[in-house]
Amino acid sequence: MTMGSEDPKALARRIVETMHAKGRAYAFLDLEILDVGPGHAKARMKVREDFLNSHGICHGGLIFTFADTVFGFACNSRNEASVGTSCDITYLRQVAQGEILTAEAKEIHAFGRGALFDIVVTDHDGEKVALMHARSVQTGGSFLPEQESPA
Amino acid sequence: MTMGSEDPKALARRIVETMHAKGRAYAFLDLEILDVGPGHAKARMKVREDFLNSHGICHGGLIFTFADTVFGFACNSRNEASVGTSCDITYLRQVAQGEILTAEAKEIHAFGRGALFDIVVTDHDGEKVALMHARSVQTGGSFLPEQESPA
Amino acid sequence: MTMGSEDPKALARRIVETMHAKGRAYAFLDLEILDVGPGHAKARMKVREDFLNSHGICHGGLIFTFADTVFGFACNSRNEASVGTSCDITYLRQVAQGEILTAEAKEIHAFGRGALFDIVVTDHDGEKVALMHARSVQTGGSFLPEQESPA
Amino acid sequence: MTMGSEDPKALARRIVETMHAKGRAYAFLDLEILDVGPGHAKARMKVREDFLNSHGICHGGLIFTFADTVFGFACNSRNEASVGTSCDITYLRQVAQGEILTAEAKEIHAFGRGALFDIVVTDHDGEKVALMHARSVQTGGSFLPEQESPA
């Protein structure tokens, strides 16, 4: 779905910023959006003390939520409203308080209304800490309403 | 690992309550523990407004985090310290604000230091809303230190 | 899709027997169909010498293919032509030559054109050896053509 | 595990050729090994008529088995005997008889005795047709016995 003459990367940015502002659940993560484009999103967050589980390491659920949020940004970035349907995650190492994590989601393939994304979570040194495959489906309609189009 | 003469179900309860109190990340979910036993845990939570994503439905990451937390309780319930290594989740329907979800984790199989758990998330009517398979590995040592043993 | 007045279980049986006869790839497995019904299928096979990998144990790919075949039977059993879209499998133990395996696929949930199945592979003693989650999508049309309908 | 002064890539090649010759189950696929190295393997196969399921397309189980075989080569390529523990696969499109598929497995991360591999299956034009994440664990011991070492 094109929004008049708007550049796809600019549209993606506008969509993701709108999503970020609108979704109440994202506030907890306090993430910083680094880059977005069609089928792509990248963000950063810091592991706070209230992200730790009972073993004193970052809760896997929050690593997942971080990756899943960036995936959500990427799969809505073409203004086709989409939701995740299934995901798998593999944790490569334990993550400590204070670490800065980056998650990058890339669309690998789109087929019909479905798409597959690869999401990689890395640490401060660029080493991988978790990997996710996530599948999305378009729910119909656009994410940004037509009247918000600048064209 | 046995803790003297303590009943396995009582020990599991004590471990999970300790975990719940100790892990800062669980507070956000505000969950209620319903039942625990060796290789088993069940809890309930309510979907608040700050669980919603930009589509106005419950963030999949929080459904995952809920399921993953209950899985974490179950896989530490025999006092063998364990962490999740990989998980897959399938979402069966969208979840709305105000819904009460229940997650139940059951150990399906243990092999060496590894184990596989099945986690089912259901709604107020007992209908399934998400399913997870999760794999854990023992990290060595116990969750509760020996000196806390009542035996 | 109903086929006139035919009983759903009888229709499922007729579909699966037709699938089994028609799909050339199933011959290698030499499986025996034990039970079928709407959203359900169960079959048995024996691990032959030509199922073994270089470690001298049953190739995981063949355990998967067995489970996937039974899943394929189950997801077409209502005469809505369907294909698998993604699967995850966990192997619980190694399987030796000569073992008799049973795979049972059950539909857990259907949503729109998609469905989720749970497939359990067990050994001669009913112990689980592998677990699979598999997702299907209807491709449109029926598996058995209308003219084959007995109604 | 080093085998005297043998080059890691030459050792990997020797291991995979030995595996390929030894595992009876690989014969059905009739695959051609294209490249191997430490933590890496790549092979090609042709979709025959006896690979087709009842829909007349390549059985997903055989695409999985192909990918899983190449993964097995890659995870044993350092002469640490290893087996797969869990995998997930996503099919990106249907595959027809006569197509030539290539599968490439790469080790993404190793942690303790475990490792994670990414396996990509592509068609004649290099387009992706299936993606797999697979996890392995070392079982102890080497794949090639010491007396076979050339050093």
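Order of writing sets the chain letters: A, B, C and D. Residues in each chain are counted from 1.
The rule is simple: a contact is a pair of C-beta atoms (placed from the backbone, for glycine too) under 8 Å apart; a residue touches a chain by one contact, two chains touch by 3 or more.
Worth saying up front: this structure is predicted, and the values here are computed from it rather than measured.
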Centre-to-centre on C-alpha atoms, which chain is most distant from chain C? A
In terms of residue numbering, is the interface formed by chain B and chain D classified as same (over half shared) or different (under half shared)? same
Through what angle, to the nearest 5 degrees, does chain C rotate to match chain D on its C-alpha atoms? 180
Distance between chain A and chain B based on Cα centroids, please, to the nearest Å. 24
So how far apart, in whole Å, are chain B and chain D when each is placed at the average of its C-alpha atoms? 35
Gap in Å, rounded to a whole number, between the CA centres of chain D and chain A: 31
So which stretches of chain C touch two or more other chains? 85-86, 88, 90, 135
Going by the touch rule set out above, what shape does the chain contact graph take here: line, ring, star, complete or other? complete
Please output the residues of chain D touching chain B within their complex, sorted ascending. 85-86, 88, 114, 135, 137
Going by the contact rule set out above, which residues of chain D touch chain C in the complex? 18-20, 22-28, 49-55, 57-62, 64-66, 68-69, 72, 76, 81, 83-91, 94, 139, 143
Chain B residues within the chain C interface of the complex: 88, 90, 92-93, 108-109, 111, 116, 118, 128, 131, 133, 135
